[in-house]
Each structure stands twice: as C-alpha cells, then as structure tokens.
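Think of it as A, B, C, D, E, F, G, H, I and J in the order they're written, each chain with its own count starting at 1.
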Amino acid sequence: MTRKITGLRQLGHEVPVPASPVDAQLERVPNPHADTAYVARFTAPEFTCLCPVTGQPDFAHFVVDYAPREWLLESKSFKLFLSSFRNAAAFHEDATLTIGKRIVQIIEPSWLRIGGYWFPRGGIPIDVFWQHGTPPEGVWIPDQGVAPYRGRG
Amino acid sequence: MTRKITGLRQLGHEVPVPASPVDAQLERVPNPHADTAYVARFTAPEFTCLCPVTGQPDFAHFVVDYAPREWLLESKSFKLFLSSFRNAAAFHEDATLTIGKRIVQIIEPSWLRIGGYWFPRGGIPIDVFWQHGTPPEGVWIPDQGVAPYRGRG
Amino acid sequence: MTRKITGLRQLGHEVPVPASPVDAQLERVPNPHADTAYVARFTAPEFTCLCPVTGQPDFAHFVVDYAPREWLLESKSFKLFLSSFRNAAAFHEDATLTIGKRIVQIIEPSWLRIGGYWFPRGGIPIDVFWQHGTPPEGVWIPDQGVAPYRGRG
Amino acid sequence: MTRKITGLRQLGHEVPVPASPVDAQLERVPNPHADTAYVARFTAPEFTCLCPVTGQPDFAHFVVDYAPREWLLESKSFKLFLSSFRNAAAFHEDATLTIGKRIVQIIEPSWLRIGGYWFPRGGIPIDVFWQHGTPPEGVWIPDQGVAPYRGRG
Amino acid sequence: MTRKITGLRQLGHEVPVPASPVDAQLERVPNPHADTAYVARFTAPEFTCLCPVTGQPDFAHFVVDYAPREWLLESKSFKLFLSSFRNAAAFHEDATLTIGKRIVQIIEPSWLRIGGYWFPRGGIPIDVFWQHGTPPEGVWIPDQGVAPYRGRG
Amino acid sequence: MTRKITGLRQLGHEVPVPASPVDAQLERVPNPHADTAYVARFTAPEFTCLCPVTGQPDFAHFVVDYAPREWLLESKSFKLFLSSFRNAAAFHEDATLTIGKRIVQIIEPSWLRIGGYWFPRGGIPIDVFWQHGTPPEGVWIPDQGVAPYRGRG
Amino acid sequence: MTRKITGLRQLGHEVPVPASPVDAQLERVPNPHADTAYVARFTAPEFTCLCPVTGQPDFAHFVVDYAPREWLLESKSFKLFLSSFRNAAAFHEDATLTIGKRIVQIIEPSWLRIGGYWFPRGGIPIDVFWQHGTPPEGVWIPDQGVAPYRGRG
Amino acid sequence: MTRKITGLRQLGHEVPVPASPVDAQLERVPNPHADTAYVARFTAPEFTCLCPVTGQPDFAHFVVDYAPREWLLESKSFKLFLSSFRNAAAFHEDATLTIGKRIVQIIEPSWLRIGGYWFPRGGIPIDVFWQHGTPPEGVWIPDQGVAPYRGRG
Amino acid sequence: MTRKITGLRQLGHEVPVPASPVDAQLERVPNPHADTAYVARFTAPEFTCLCPVTGQPDFAHFVVDYAPREWLLESKSFKLFLSSFRNAAAFHEDATLTIGKRIVQIIEPSWLRIGGYWFPRGGIPIDVFWQHGTPPEGVWIPDQGVAPYRGRG
Amino acid sequence: MTRKITGLRQLGHEVPVPASPVDAQLERVPNPHADTAYVARFTAPEFTCLCPVTGQPDFAHFVVDYAPREWLLESKSFKLFLSSFRNAAAFHEDATLTIGKRIVQIIEPSWLRIGGYWFPRGGIPIDVFWQHGTPPEGVWIPDQGVAPYRGRG
C-alpha cells in the first residue's frame, strides 16, 4: 500500500498559522490510486473569518468533496489554509468559492464541490454550494447531509 | 365528564387580535378536577414581539407548565394574549416573566413555570426559565426537553 | 412462569367497540409477581374523542405507568376502553384524568401516572400530567421521554 | 477577494421595518463570481403574516435557494422584506410565491426555488414548493431537508 | 396579493363533521398563481376509520402533495372530509386511494400524490403510496421524509 | 369503497404458527384499485430464524415494497409466513430473497423489492436489498430510510 | 489485569440453544474488582417468546443493569438463556421479572434492574421496569434512554 | 414592561472586536425582575482562541446559565468579550473558567454555571463544567442537553 | 433454501487475527441466488490501522455494498481481514481502496462500492467513496446514510 | 490566564505508542483553578484491546468525568495510554476499571467516573459505569448522554 512521502513542508513539522490566505501553502501528495475514479470528502467544522463590513467574526462549517486525478489534498496544509482566513475579510459567497478554487488550483481534480454552511446573521444563515468540473463517469457521490438550520423550538 | 362552560367571551367567538398585552383578556375555566394535583403544559411555538432598542421583530418559542387550583387557563384567550405582543416592545427576560406573571394572576395556580426559548441575535440565543409557587406534593413534572441551539454543522 | 388465565370477557373474544366510556369494561388479571414492586408502562398512540364545544374530533397520545398490587391491567380491555371515547366529548384535562382514574378504580395500583399528549389546537398543544398514589419504595420509574412539540422548521 | 460595496441603503444603517411588502426595498450586491455557476441558500425561520379571512397571525419557516447571475440577494434587505409581511394578509400559497417572485424580480437569478413551511392550522400544516428558471448545467443543489410535521407522540 | 374569496360553505362557518365520506363536500378556491407550476403539501396526522373485518378503529398519518391548475384545495373542507371517515370501514390501500381520488376529482390538479402511513396491526404497519398525473415540467417535489417504523429499542 | 372479502383462511380465524416456511400459506385479496399504479409497503420488525452453521437464532428487520396488479398481500398470512421461519435455517442473503420470491409467486406484482436489515454477527451487520420486475411508469417509491448501523458511541 | 478464567461450560464451546429457560444454565465469572462499587449494563435487542393465550410469537428489547458483588454475569450464557425463551410462553410482565430474578439468583448482585421494552400488540406496547436490592452508596447509574414508542408519522 | 436603558457603550454602537479579553468590557443592564428568582441561558456556538503550546486555533461551543440579582448580562458586550479571545492563548479548562469568572465579576449573580464544549484534539474532545454560587431556592434549571461527541459512524 | 457449505477454513473454527493484510485470507461462499441481481451490504464499525507518518493509530467505520455474481463474501473472513490492518500503516484513501479491491478480487462481483468514514485528525475527518463495476440493470441500491461529522454543539 | 507548562515528556514531542498499559506514562499538569470545584470530561471514541479468551479485537467508546484537585489530566498522554491497550488482553469490566483507576492514581481527583461503552459481542453490548470519590459539594455534573444500543430497524 501507501508509498513513502517526502518533501512536505508542513506535515510532520510544527508550522505557525499563515498570516493570510495568500500566505498559506496548500500542499498535495501523489494519488496512490490515480488510475481509479473515487471521491474524498473533507469535513471542516472549524472556520472563522471577518465580516468585510463590520469587522466582526463570522463562522462556518465546510464540506469539500473531490474526485482526484494525479494529486490528493494534503490534510494538514488544508487545515492551515483554513486557519489563514482568521484575519481575512470576505462575504460568505466569496469565501466559499475562494476556498474551492484554491483547492482546484493546487490538486487539479476532475471534479470538486464545496458546501459552506454559515452561522446565522440577522437570524438568517446562508449556505453556499459550488461544484467545478465533471465527476468521472460512474463515480459515487453521497450527499453531504448537513442538518438544516431550524432556529429554536 | 366535562361540564357545560358558559360566559367565555373569546372561545367560540370570532375575536380580533388585541392591540397590546394590556388590552388582552386572559380567561379561565373551572378546573373539573380541582381536588386533584396535576400539571398542564401549553406549548406555543408562535410568538413575536419587538426589540425595545431597534424596533426589529424578535421571535420566541414558549412552554408553560402549571398545577391548577380552581381554574384552568382557557386556551384561545392564551393564544390571543400571546398574539397581543405583536406590536409590543420588550427584552427577552422581561417578556418571558411578564407572560408568566399574567397567567399566575388570572388562574392562581399552586405552581407555574415558563420557559422562553428565543431565536438568536448576534449569533447567541437567550433562554429564560422562571417558576413560581411550589408544586403540590407528589405532582409529576416532566422536563420540557426543548432541543439546545447548535448553530450550524 | 405465567399461570393460566380464565374468565376474561374480551381477550380472546371478538368484541365490538363499546358505545361510550361508561359502557366499556376495563378488566384485570392477577399479578403473577404481586409480592414484587415494579412498573408497567402502556403506550397508546391511537386515541380520539370529540371537542365538547365544537364537536370536532380531538386526538391524543397517552402513556400510562403504574406499580401494580394484586392486579394487572388487561391490555385488550384497555384498548377497547380507549376506543370507547370515539364518540364522547371531553376537554383535554378532563379526558386525561378520567382515563387515569378509571384504571386506578379497576386495578387499585400503589401508584399510577398518565401523560396525555394532545395534538395542537390553535397552534398550541396541551399536555396533561397526573399521578396518583405513592410509588413503592425503591421502584424504578424512567421518564416518558415523549418528544416536545416544535411547530415547523 | 471581496470588493468594496457602496450604495446600499439598509445594510450598515438603522432601518425601521417597512410598513408593507410594497414598501420594502429588496437590495442586491454584485456577484463577485458572476462567471461561476453556484447556489446560495437563505434559511429564514422568523416569518409571520395575517390570515386574510380571520386576521389571526400565521407563522412560517422559509428556505430560499438560488443560482445567481449578476447579482446576489443582500441579506439585511431580505430580512426587512420578510418583516414587512407582519401586517399583511395572505394565503399560504400566495405569500410563498409572492416572496419568491419579488426576489426573482430584483436579482434575476438563472434559477430560484422557495420552500414555505407553514405552522399547522386545524391540525394540518401546508408546505408550498416553487421553483423558477432552470438551474445552470452542472450546478449542485442539495435538498432542503426540513423535518416533516408529525403531530404528537 | 390574496384576492377576496366568497361562496365557501365551510370555511368561516361552524360545520358539523359529515356523517360519511359520501356526505363530505371537498371545496376549492381559485389558484392565485394558476399560471405558475408549484406544489402544495398537506400533512394530516389526525385520521381514523374502521376496519371492515373487525370494526376496530384504524389510525393513519397522511401526506398529500399536488401541483394545482385552476384550483387549490380548501383546507377546512379537507379536514372535514378526513373526519368523515370516522365511522366508515375501509382497508388501508382502499382508504388511501379513495382520499387521493376524491381530491383529484374536485381540484383537477396536473399531478397529485398521497402517502398513507398506517399504524401497525399484528406488529406490521402498511404504507400506501399513490400518485396521479404528471408533474409539470420543472416543478420541485421534495420527498415526504416520514420516519420509518422501527418497533422497539 | 372496500368490498366484502370472503374465503380467507387465516384472517379472522385463530391460526397457529406454521411449522416451516413450506407449511405457511401466503394469501391474497383482490386489489380494489387494480387499474391504478401504486405501491404498498409492509414493515416487519419481528423476524427470527436460525443460523445454518451454528443453529443460533438470527434476527432481522424487513421492509417490503410492491406495486400490485390483481392482488394485494393479505397481512395476517404474511405475518404467519414470517413467523414460520422461527425454526428454519438460512443464510441472511438466502432468507431475504426467499421471502421476496414467495410473495412474488402469490401476488404476481408488477414490481416488488425487499430490504432485509440483519442484526450484527461478529460486529458486522449484513443488509440485503433485492427488487424484481419493473415499477409501473410513473409510480412513486420513497426510499426505506432505515437507520444505518453505528456500533456504539 | 484480567485473570485466567477456567471451568466455563459455554464460553469457548459450541453450545446448542437450551430447550427452555429451565434447561438454560446462566454462568458467572469472578468479579476482578469485587471491592469496587460499579455497574454493568447488558443490552439485548434480540428476544422472542410465545404468547400464552394465542401461541403467537412476541418480541422484546431488554436492558439489564446491575452492581456486582462477587460475580459477573457471563455474557454467552446470558445470550443462550435469552434464546431459551424461544419456545416458552409468558406474559410480558412475567417474562421480564423471571429473567431479572434468574440473574439475581446466579450472580447475587447488590442491585439489579431490568427494562423490558415489548413490541406493540393491538397498537399498544408494554414496557416493564423492575429493580431489586439497593445500589451501593455512591454508585453511578445512567438512565437506559430507550426511545419511546411513537406509532407513525 | 421593559424600561428605557441608557449608558450602554456597545449596544446600539458599532464597536470593533476588543484586542484581548483584558480589553473587553462586559456590560450589564438592570434586572427588571430583580425581586424574582429565575434563570437566563446564553448559548454561544461561535468561539475560538489559540493553543498556548502550538499556537493553533481551538474552537468551542459555550452555554452559560445564571440566576440574576440586580443585573443582567448585556448580550452584545458578551458577544464582543467572547470575540476578544480570538488572539488569546488558553488551555480549555482555563478559558472556560476565566469566562465564567468574568461574568460573575460584572453581574454578581446568585448563581452561574458554564459548560464549555471543545472541539476534539487528538480525537478526544474535552468538556468543562463549572458552577458558582447557590441557585436561589426553588429556581428551575433545565439541563444543557448538548449532544455527546460520537466520532464517526 | 440454504445449501450445506463445506471447505471454509475460518468460519466455525477458532482462528487468530492475521498478522497483516497480506496474510489474511478472504473467503467466499457460493451465491445461492446467482441468477438474481441483488445487493448485500456489510457495515463494519470496528477498524483500526496505523498512520504511515506518525505511527499513531487511526480509526474508521466502513460500509461495503456489492452485487454478487457467483460468490458471496464470507463474513467471518471479512472480519479477520479487517482486523489484519491493526498493525499495518496506510493513508486513509489508500486503505479504503485497498480493502475494496481485495474484496473485488476474491468475489468478482458485478459491482461493489465502499465508503470509508475516518475519525477526525486535526479536527477534519476524511471520507473516501469508491465504486467499481456497473450495477446490474434494475438493481436497488439504498444510500449508506452515515451521519455527517459535526464537531461540537 | 494559562501559565507556562514545562517538563512534559510527551506533549509537544513525537512519541511512539507505548507497548502496553504498564509502559504508558500518564502525565498531569497543574490545575490553574485548583481552588475551584469544577468538572472536566474527556470523550474517547477510539479504543481497542484484545479479548483474553479468543484474542480477537474488542472496541469501546469511553467517557471520563472528573473533578480535579491539584492536577489536570494531560490530554496527549491520555491518548497514548489508551493506545497502549492495543495489544493488551482484558475483559470489558476490567479494562474499564483499570483505566479509571490509573487516572485516579496520577491526578488524585476529588471525584472521577468512567463510562465504557463496548461494541456488541454475540449481539449484546456491555456498558460499564464506575465512579470513585465524592464530587465536591455543589459541583455540576451533566449526564454522559451516550445513545443506547438499538440493534437494527
């Protein structure tokens, strides 16, 4: 199975949180099953950025699904990338698509989708759903199944 | 069983929503088991009033439990009483206790409690829990079991 | 274990629904563990009666817990008793206590409680909780755990 | 990421609740990813209007999904628009479609759907489901997953 | 929005429960969005009829979805229609389809489906699923999502 | 509605549990809506048979969906048929398909499917899913929605 | 930790299901922490016996909690004991207490309780709750938390 | 009801996130029911601070319950106080008690408790539960009911 | 039904856990319904292997669905195969696909899919979804329905 | 807040999994609120050991609650301690109490409890509940709320 991986700059090293999304380095590892169509899902319930209008913190829960080609997303660099939004300002729709597009750029998957489930502001939460590319024929993609928001009661 | 009830001014009549809580008339009916200690629970997921600072609407879900003595709370008058807050301004803590105290005033129960479960403002919901009087010995009081707020994800 | 039971008029016979609660016959069987303190719970999600004011049907879900002495409640007669309310008129509080008191009368338990969970009228469901007698020392009584009403969303 | 937004009349200002849906001003902001097909979901558990027959308040929980073209729905103006129904009279089916059509008018999405989940009247809740336009090819649309109504028990 | 409705014989009037489904009058109101394809869902957790073999009461939970053309189903007449089965005898499959077909007859929708979720008999509940007509192209139909039966534990 | 049914040998009679599946008699009743495409679902959480290797009891939860043609499955005979496996030995896959095929044989539906949800052995539960025939065009088939197994925690 | 256990006649041996509860042999193992007050819980969702009146199979889900003294209940013998009820006839109340008392007899705990959660008959499930002895001071006993029965919907 | 509140420095003003917990100003408002024993609950699912060892972000969900005396916790200042931990370093146990103690300091309640539900590190989440003071006699305190962590499956 | 199976080396024998996946022997049994298209699902909540980078244990929950041709997967050998990963090192994506491919190799199904639901590392769980082959026409495949990860609160 | 911690041998270092529980080193850190009564909860869904009779792997989910005195349990050393059972043999009751007692030994809390929720063997899961010491007066201890086992369906 798993081959030896070398050259990663973050996994296995103590690395500080990048100062901004621009400073963050998403990393990738070779896909050991690059000849096989499948899907990997990352669930990231720990995300925060700042509101571009008020400067107040916003929070979100993200789920990313992708069908890899040559590369897999390296998990620790993804965590640090998400952490790098801590002091960045972005609208919900924008932050969600920006995250999705950065991952696409680094791992060039056949297909990727991201669901951004944002905490309510003014009593109304916003969810953002984006996908990119075409799933390889016959690949299996379960729905993300995140519970709908229900207020109280 | 149930005896004939007369003299109600709202139940069985088409009645407009009272203009304010002061205008609303809570009514009561005789307790057919006044010699017996028991608890009645009213669950009211439809409530709205106005924020005294911003004038924006607030929403809440209420659960009222009480142990009656001579009187039962008449359900339609209670619904109209709750509706009368539609244009009233009140902080969460205040509205919850005001509702509880008005019911106490009209039906004079041995014991009453009210849980006010308010929709989030600024990402933080407030719940208010008040009880008054002492439950009759040996009365059975299940907990209200309202689901906790969980944000997203 | 179980001893032979004779003399029941409903269990094992095809019996029509009684015309009213007065016509219904609750039956009892000897408690094979009459020297032992324990609790039996009956859950009855099928109940309907009529509103004494409008004549419209009401629906309820009942849970009855009791600690038997000499007698157990015979289950089929209980089902028929509940069915006999089909054409009877009663307020929620009254119907619930009437059912509880009839069972107490026939089986004379050390302790009994009944939870009546009524379907909403005017957007507000009423629950009624009654208990009678004292649980034998050391008896174990789980809560009924019926889900709270939550409206929509 | 997020560009500077100017010219909004409600976001960042203290604005009273509009007197009626006609008085409310839905606003829009430029879509920073207008060349990208995606979906935004707004969940609004705080809604109330009046019954056109009895004048009594009705309550609903709304979920709106849309695929933007040039414009995004501005969230605060949407909240105020919903609040403007507070003193308006409308049947469930009508209010739900009216809300959906107003949003279509202001943001001209490729596709929009609205689910209106109304609190029960007469023991029977009504849900209304409408969609308009055609989702862009390959866009991802999770179901709304609102819990079905279950009465009691 | 909502136009004035006249001529209804049940809504806004005190009406007794019809003696049988044949005596019940389903009513309809004009569809204010007759040029628009959408779906309305009625959820009716209060239903009871009689077993044609034993005469014992049966209970069911119904969910009806339909895409209206010229007419909407009037909710109070629907409630009374369901109540009219109280003394009628019908097998589960038959009652479910009979209800569905009566609604089709009165409102002539483009499409209608009914799910009948019956309480268990002999430990085995039966569900009945029927649909009629073809949904208008592009209409949105969420699934009914009723929880499966699970016995105990 | 429902026509008089005669000639059933089990429904309305006290019938012992058949000694084996071969001895059991599945019965059918005429489909009162044979000209209509619809689906009936039977949920049977009470099933047990024996492991052909060890002789130990196995347990399962079954859900059967079918689209009837001329005949409906008679519910009491189905219950007795399931009970007849009590002393029979069968692997999970085999018992599930055998049950499905016996029902097909007796009621000749256009389409039938059976989900067998078996209790875990060695920490691993097996589910078996089979369908036969083709659903009539336009028939509505909700998913069975049985909760996945999750071990502990 | 765990000491070597010898002399068990069922664990580690292939053993047929006992013909009746009388034939079953509950076994015990030494409690390795006999000087410590604690609680062990066994959850047994696989149980079936026969109705003493009709001979039809009944099903139940059991949860047993106990505070051991010198002995622990051996798990495989418990499983076989439960299986031995397969052809035995017993009322729900009786079977539940009989199981509890047999365990008490063999392991002589300071305290034991058993919850029997029976599948519905006539639409009404019965639960039986029994406890025996006194929990050692300071022992911790979580509730069993079995979901209440809810019929359909 | 609600009296006019003046002198707040944060509510109704646009206020930046404080640079640290030391810089944050918790504010209080007069308790309009200071002669009445009751409980207010704040649920705060949006919290993040930094790990004192690695500098990585930590996340938590907080629930605070208190019984007020003369003062209520002002909600917006509480939100800003929580936000001020964004760049602070603290162990889970410490952050939770620090938050609780600061609230106690400013509003001097009769009783307060805080539950800190931290996201898992190394697969193991830590919860911290603290209470201070004594609930006024007869006050009602529902449990916080936060779902336990369950890993996957 | 079930034919006699002979020649299995693990089922019915006491077999130690294989030292590695290479040492494990997946076994198969003849498919008694080889002429019938259906699906079998194995749910395995007990899995652990080692992280190839840190040597720390990883945990996962697996669900495998397949449509058999001539052979069924023998359940005990599957359990032992999974156990053989206990001391093996593998990335999540790799372990999941390796398990799926080994099963394909031994039972040559028409179609197989595996969902690997891994416990979170760094706060982010990874799921891996793979399928192979084409489901036989008309086969029924329910979704796996594993609950999404939600962090805390 | 949090003071500098020095002298830990595992936190902040890459440490291999200890070969056995005897080799593992539980570590402690000073309690920064040692003058305050509170409770910390650790939830550990990743645990496996070996069956002392068959050598097969067992799995469990643990929840540990304690009220600290001078010391807190260091989380990474606890994770490694749990991992050290990977090749150890122990009965469920024994492993659970052994873990609890080792923690008591190292951190000397005023009170500790451990719930061990074991995966089912022979269809029957065992839970083990132990507590030690006396909670400080007035400390708050929520229940662990782990979902009961329910088999299938």
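We take it that contacts are C-beta pairs under 8 Å (C-beta built on N, C-alpha and C of every residue); 3 or more make two chains touch, one makes a residue touch a chain.
By chain, UniProt protein names: A, B, C, D, E, F, G, H, I, J = NADPH-dependent 7-cyano-7-deazaguanine reductase.
Keep in mind it's a predicted model, so treat the numbers as computed, not measured.
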| item | value |
| --- | --- |
| Equivalent interface to H-J, taken from F-J, D-G or D-E so that over half of the residue contact pairs match | D-E |
| Pair joined by more contacting C-beta pairs (D-G or F-J) | F-J |
| For chain B paired with chain I, centre-to-centre distance based on mean C-alpha positions, whole Å | 54 |
| Distance between the centres, which are taken as Cα means, of chain G and chain A, whole angstrom | 48 |
| Whole-Å gap between the CA centroids of chain E and chain F | 27 |
| Multi-chain contact residues (two or more partners), chain A | 45-46, 54, 59, 61, 119-121, 123, 125, 143-147, 149-153 |
| Contacting residues of chain J [partner chain F, same complex] | 45, 59-61, 117-121, 123, 125, 146-147, 149, 151-153 |
| Sites on chain E touched by chain F in the complex | 21, 52-54, 88-98, 113, 115, 120-131, 134, 143-152 |
| Complex contact set, residues of chain B against chain C | 1-2, 4-5, 11-12, 29, 31-33, 36-46, 61, 63, 68, 72, 75-76, 78-79, 138-147 |
| Residues of chain I that touch chain B when the two form their complex | 150-151, 153 |
| Residues of chain C touching chain E in the complex | 14, 16-17, 45-46, 48, 54-57, 59, 83, 86, 119 |
